[in-house]
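Shown below is the structure under consideration.
Letters A, B, C and D name the chains as they come in the text, with residue numbers starting at 1 for each one.
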Amino acid sequence: QGGAGRPGGGSPAAGGAGAGSPAANSPAGGGPAGGSPAGGGAAAGTPLPGAADFKACEVSDTGGIDDKGFNQNAYAGLEGAKAEFGIGEIKFLESTSEADYNRNIQTFINEKCDLIVTVGFLLGDATEAAAKANPKQKFAIVDFAYDPVIPNVAGIVFAIDEATMLGGYLAAGMSKTGKVATFGGIDIPPVRTFMEGFAAGVNYYNKQKGKNVQLLGWDPKKKSGSFTGDFQDTAKGRQVTEGFIQEGADVVMAVAGPVGLGAAAAVQDAEGVMFIGVDVDQAISAPEYRDVMLSSILKRIDNGVKGAIRSALEGRFKGGVQVNTLKNEGVGLAPYHEFENDVPQELDAEIDALRQAIASGQVKPADWYEGAPGQ
Amino acid sequence: MKLELQGITKRFPGVVANEGVDLVVEPGEIHALLGENGAGKTTLMNVLYGLYRPDEGEILLDGRSVTFHDPGDAIAAGIGMVHQHFMLVPVFTVTENVMLGAESTRGFGGLLDVADARRRIVEVSERHGLRVDPDALVEDLPVGVRQRVEIIKALYRRSDVLILDEPTAVLTPQEGEELFAIMRSLARSGTSIIFITHKLNEVLQVADRITVLRRGRVAGTTTPGTTSREQLAAMMVGRSVQLQVDKAPSEPAGTVLEIKGLVVCDDRDHVAVDGLDLTVHAGEIACIAGVQGNGQTELVEAVTGLRPVSAGTVTLDGRPITAHPRRVFEAGCAHVPEDRLEDGLVPGFTIADNLVLNSYYLAPYATGLRLERHAILQRAREQVAQYDVRTPSVFNDVANLSGGNQQKVIVAREFSRPIRLLVAAQPTRGLDVGSIEYIHRRIVEKRDEGTAVLIVSTELDEVLALADRIAVMYQGRIVAILDPAEATPERLGLLMGGARPEEGLDPEAQEIAAAAASAG
Amino acid sequence: MAAVPERPTRPGLTRQAVTFGRGLLLPALAILTALILGALVIVLSDPDLVTLFGVDPVAALGASWDLVAAAYGALIAGSIGNPGDLVGALAAGDLDAFVAALDPISVTLQRSTPLIFAGLSVALAFRSGLFNIGAEGQLYLGALFAVFVGFSFPGLPFFIHIPLAVAAGFLGGALWGFIPGFLKARTGAHEVIVTIMLNYVAYRLIDLALKTDVFQRPGREDPISKEVVESAALPPLIPGLAAGVHWGLVIALIAAAVVSWLLFRSTKGFEFRAVGLNPQAARYAGIDTGRTVILAMAVCGGLAGLAGTSEVLGSNRRLVSGLSPGYGFDAIALALLGRSRPLGVVAAALLFGALRAGATPMQAATGIPIDLVVVVQALVIMFIAAPALVRGLYRIRAGRTTGTEVFSKGWGT
Amino acid sequence: MTAAATTVGAGSAGLRRQQLFGFVYLALAAIIAVAFGAATEPGATSSFELNAPRVAVQLPPLVVPSAPTAYALAGLCAFLGAVQLTRGFGARNAVVLGAVVLLFIAGFLVWAASTRSMNLVGVLQGTLQRATPITFAALAGVLCERAGVVNIAIEGMLLTGAFVAAVAASATGSPWIGIIAAVVVGALLAALLAVLSIRYRVDQIIAGTVINIFAIGMTSFLSARVLQRRPELNNPDRLGPIQIPLLSDIPVVGPIVFNNNVFVYAMFVLVVLIHVALFKTRWGLRVRAVGEHPKAADTVGIDVLRTRYQNVILGGMLAGVGGAFLVLGSTGRFDREMTAGRGFIGLAAMIFGGWAPVGSFFASLVFGFADSLQARLSILNVPIPSELLLMVPYVVTILVVAGLVGRARAPAADGRPYEKE
């Protein structure tokens, strides 16, 4: 099942995205994963009936809307819904502390928002309380799932390890030194899930090919790894990545928000090293690093949010969990862009096969976290 | 160079420090400036030296009017000043201190030419007999030598007018004599000298002319030949002053303070008190005479519990007193510290709070954790009246009191309880004759009540006036103990300067001297 | 000089009132100036407006006015609310509407609560000659200890559980204040550097603790603590407004009174202030300066710890790593603004609480980032710390100078 | 106040101190043996890579048997402890202390690299990189404090410098203009500090704190309000490393020292330049006099206030460069609060370095090493929680400040406003 269904979550910028261009997420920006389960259908700019009176509101966690990830990505979903479905109003409130959550949600309830999107597991408790107190109010929460289900809350969660497993396989296949690396911002589940899936990909590759590609920065057995400790200190991201490169790694995936771009800078300054972005297609959102951007792990929060808005608009809204997977293209692997010609045909084909296998449930990333299953 | 100050007025908020002061200093003249504390002497000199801008009046040099915006201008015009408080950087060498502001440089980018400066310093010091090691760190030098460095600093800049602000306050009489010799030689070569002091003897001895300031105005100008100490004192204060303390012979009783083999280190871990022995009896005033920097400060701090003792014992009435000021206080020891504002008072606290600074936790000023404001205020009002502290209110901040009144606050606090031992360091430093008179009277009163009194002073006049027994301290030891009757300033000065004690000392001192000789 | 031995009198009541009024003038002007500069920042940081100024200055001026008015209007509405609503509800006898109209004030008071504690912490430190930049870290440690007690002993009656949890919070903060106090007293390490470093250590420590089984909520993998049980939770102060001000405010006001008593009416406070003003003289007077510094820092830490405590027991009922939006740093401003007097700190905390409470509605209404509030706060401190700036700006004559206050004296000893 | 009074150097106390150190050394030896030696797997080796990637001259890795090496190090440490206990080292105490610390670190490295390979050159490269902003901060501190102004606002100056560098370099397309802009804004903030603390005599630490809060608020605000909407303003070109021909081919040293960007080379030059200027020139003599005894400086005609203004502003400019490094020499973008306390660590380095440029540089290297090693350990999956590893640089700072400030002497007038009248 991967990470889907478990109460995972984000954090300030949990899967940090690119240089802040929401365009990288919008369909017009060329996001290759295509439409999301619910949001893909509408043609841009065709208002849906009743949309003009619809009000969608987002409450961020303490990361703020400019967190280059998570909160921002969700907001891109709101903006997308405005552009595509023509909804009347979108609003946003930033939380600076724990104490803000209840109040911000209450503010939007008072403002009679049609749908309130709360972002991240930090808001889990506050959203639950508000939802139970206001059973008519519709909520959507990113990266959180309630068990049992709350009828007026839709949980938008991501089986991100399915996508990072593809990334790990790709990294292992492209590495010349036989060493690949990953690190995180803060050691929290949504970050860890990225890294575990990546490890699964490497393990799968090693098993399939009988190789021994090493993964630096994550120890699947001890479930511990390399973290910079925050999502701000970009220089630290750079320095950690330099460390990886010095230890011989030549593909690096950073799950650290803006800190990841410090990592990309280090990759760019080294020779023959490649970078795998996260959250959005960073070759588009951070074009300055196109030349080292092997691919990106896509986490379509925007699509998830858009889908929730659409279902509310169309009167199909229901509570429960909406899992974004490879299969429904809620997560995915971005194109290779500059590396299109460098990725061998066979490798691409193998990745495609793996994608099929995961989508069909034949291969489960969680089985591969620590190595080949049964070993 | 002929110097004239005409109608100088300088005001500070609330104080007129100088008011219409006229002063003429002829070339080659030694001109003494006298006055009570706060009379405005330093202020006047600071105006002359460009540190302050006068509110009114002008300065003429050889008849030309000049304006100094900063000391740099004054220095350039040939004025040099040795300040009341040393203006030396402790962590610099002598050479660095002397050359500062007038550096020798060579080559590119203002690289210092230390060798050249050193050569010139040696030149100056040899010409005037001011011996000093140019490479020594100033913080390692005794005060007398620092004084020399200050003078070299002024001479290095070729001063035509040299201002000496209380230069002898920290010197032994012998060092004072040496300084006077230098002053006379400088004056002979044409340098004008303004000499500030509180010591009337010195004025009569060295000055060509004397100007007395009182409350910022010139009270009069005279010459040594036509005046006396008494007249000068009266001119300063505005009334006649008793220069001698009236006191009956002492009646020493049992031993109160006993110090044995005391070793104490200074802040830099050098041994400052080096195996010192001393006893003080009830009803006597023992004075420790010595040049500043011979371990007196550390001795007092050790006795009052402020500084840990490395070896030896200190007992009060037979009980050892530990390195804790509060226990020493509770054992009945009062302490008038050397530095009022640094140690004795908390500026920012009211007079009332300062009066209970060391007893605030005791009844009736506190019950448990609670301060009893009424008891504190009542005591404050009583003592302000009793000790004549001039202040509008006990709620006033002590920082706003004059120096003399600050000292009275301390004296009131320390004297107004039954005590066994009084330790006072430089109790009248920087005070004027009136205040000195007052404080001396109080100390003798305490003695007559049967308190043992230990005074540390660098002022020979004070020592001679107060002491029932004089101990001379040199390099961390008591080198001689004298009866005041047989002590002359000359003899004391020699001993303070490190001369070996001659015969005819009292037996205890001989013993000590012998012990010191065998140990060293 | 003039020896007029006027007998001690206390300044008369009217004189006191005038002095007090004068005392309020400068802070008020400081806040006003900071808000004006804040408005300037709002306008200048809007690229569209700046462009518009080049094209049509009059329209731009109007638009700027609208933007600033909307922002500050929302700020005020979100922090004080609409007095009209209050009066209307009262007139109509509509209790629910009345309570609803109280909401902004309730939020302001809620935000003020941790600020009062933290401000008292820094103020007490200032009075003791110490500069506590570590309130932030102490706050977290206090929260950690308090939340532990808060979730650990279900079944305790609230009148035992709450005091116990509050005491634990104080202790946690005190521990984090003790370290810099101890190091300063024993080694001379400057508390500024040590407290700043301890803030970073505290962040990591919280991250670490929230991953352990002791703290982490069962069934959750994200760093979130177990829930504070009902018996340890500080209940809301205004019934009907569950999310707003809680009993922590009452504790904060009590703390302010206690600190005031401690500082100015107790022997310990006498020691704190003596050491703060002149450690050398304090030592001479028999006060153990080292112990005093340690005790003062520990008490400061404890007060800051209570800031975290009131947050976890009152507002959030759980601990996560994003607990404080920088209360510990605001506290420095508060202590300055309140001139290190407890009452002043409370007043300043109300102001900052209002700024924080109003910042969110301001963002909701105009999209202006709430960091603006931080800028305004910095400007307020600057104008308070340099009153001459404000005086010069408004051409106010200086009163009696009380001399410059130096809070800290270089690094070493 | 208490520090001075409680240290007693005479006979007995000196002995106690010496013995204390002896016991500490023995304890460290025990830790090396037990925690590092015995904890490794039997027969395991520790391998240290001595090459940077892609250098001409390749050295073989240094491979040592883990446990025996740790035991040997422990033995050496124990020997030093025993000698310390019995005879003492007298004047060479500091050297021995340094040696023991090195032995301990070596033991730790052997344990950490056991069954693994660690790239030592990489660790040292990382050390220099991390030391660079800290050194700039420390140099800024030295300039200010030598003139008697405590500058706690260096953190804010770094942050603002970083922001402005990012924006200016992005807008103009030239990183050089970014550096200049950072220098200018550093100078402006410093001028504000100077005016507040010198002219208005605001307590220097408070003035500095104001600037820090202001810098954090302002850069975060602008980052949210401007950079968010105009991401192209946060996309500067970086200044990449410049290999110095020949020198960079020297094994080990070459890749560490001679393959860096201009900031690092500028740092080398500035450290030496400021050191010489401070201790060998007229300017430096006057600056130091102002910081030690401003009144004395005043009385010989030195303009105290001007010297202070000048030095504070120069310091601000250096802090600006340090901030520019973080963006233009390292990450290529600005993010809110990206300085993460480096300004404060720089101040600690300044204290550790005895208020001297060269000393501060070496102190910065110590912090850089702690940080670099920390990151390396997490890369190698050494089983210590990452949160604990992340505390290391901060804890080191506390230890350094606690352990050394008592002995290091700050300029006497540091932090004290000077009143002319």
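The rule is simple: contacts are C-beta pairs under 8 Å (C-beta built on N, C-alpha and C of every residue); 3 or more make two chains touch, one makes a residue touch a chain.
This is a predicted model, so every value here is computed, not measured.
S.K.: Please state which pair of chains has more C-beta contact pairs than any other pair.
M.R.: Among the chain pairs, C-D has the highest number of C-beta contacts.
S.K.: Computing the C-alpha centre of each chain, which chain sits at the greatest distance from subunit D?
M.R.: B
S.K.: How many angstrom between the C-alpha centroids of subunit C and subunit A?
M.R.: 37
S.K.: Please report how many Å separate the Cα centroid of subunit C from that of subunit D, as a whole number.
M.R.: Comparing mean C-alpha positions, subunit D is 32 Å from subunit C.
S.K.: Please tell me the distance, in whole Å, between the geometric centres of subunit B and subunit D computed from their C-alpha atoms.
M.R.: Roughly 45 Å, centre to centre.
S.K.: Averaged over CA atoms, how far is the centre of subunit A from the centre of subunit B? Could you give it in whole Å?
M.R.: For subunit A versus subunit B, the centre distance works out to 76 Å.
S.K.: For subunit A, jot down the residues that touch at least 2 other chains.
M.R.: Correct list: 64, 66, 187, 229.
S.K.: Residues touching two or more other chains, restricted to subunit B: which are they?
M.R.: As it turns out, subunit B has residues touching two or more other chains at 306.
S.K.: Counting only residues that touch at least 2 other chains, which ones in subunit C make the list?
M.R.: Counting only residues that touch two or more other chains, subunit C contributes 204, 207, 211, 280, 283, 369.
S.K.: Which subunit C residues qualify as touching subunit D in the complex?
M.R.: 41, 45-47, 131, 133, 183, 185-190, 192-194, 196-198, 200-201, 204-205, 207-208, 211, 279-280, 283, 289-290, 329, 332-333, 336, 368-369, 371-375, 377-379, 381-382, 385-386, 388-389, 404-413
S.K.: What part of subunit A is in contact with subunit D in the complex they form?
M.R.: Residues in contact with subunit D: 19-21, 64-66, 68, 181, 183, 187, 216-219, 222, 224-230, 232-240, 242-248, 258-259, 261-262, 264-265, 268-271, 288.
S.K.: If we count contacts the way the header does, which residues on subunit D are in touch with subunit A in the complex?
M.R.: Residues 49, 52-54, 117-119, 121-122, 125-126, 129-130, 133, 223-224, 227-228, 231, 234-235, 238, 240-241, 326, 330-333, 335-338, 340, 371-372, 375-376, 378-381, 383, 385-387, 390.
S.K.: Would you mind writing out the residues of subunit B in touch with subunit C in their complex?
M.R.: Going by the criterion above, the answer is residues 13, 15, 38, 215, 304, 306, 324-326, 328-329, 335, 337, 342-349, 353, 357-358, 360-361, 366, 369-371, 373, 377, 380-381, 384, 388, 390-395, 399, 402.
S.K.: Could you pull out which subunit D residues touch subunit B in their complex?
M.R.: My answer: residues 4-13, 277, 280-283, 285-286, 288-289, 292-293, 295-303, 409, 412, 420-421.
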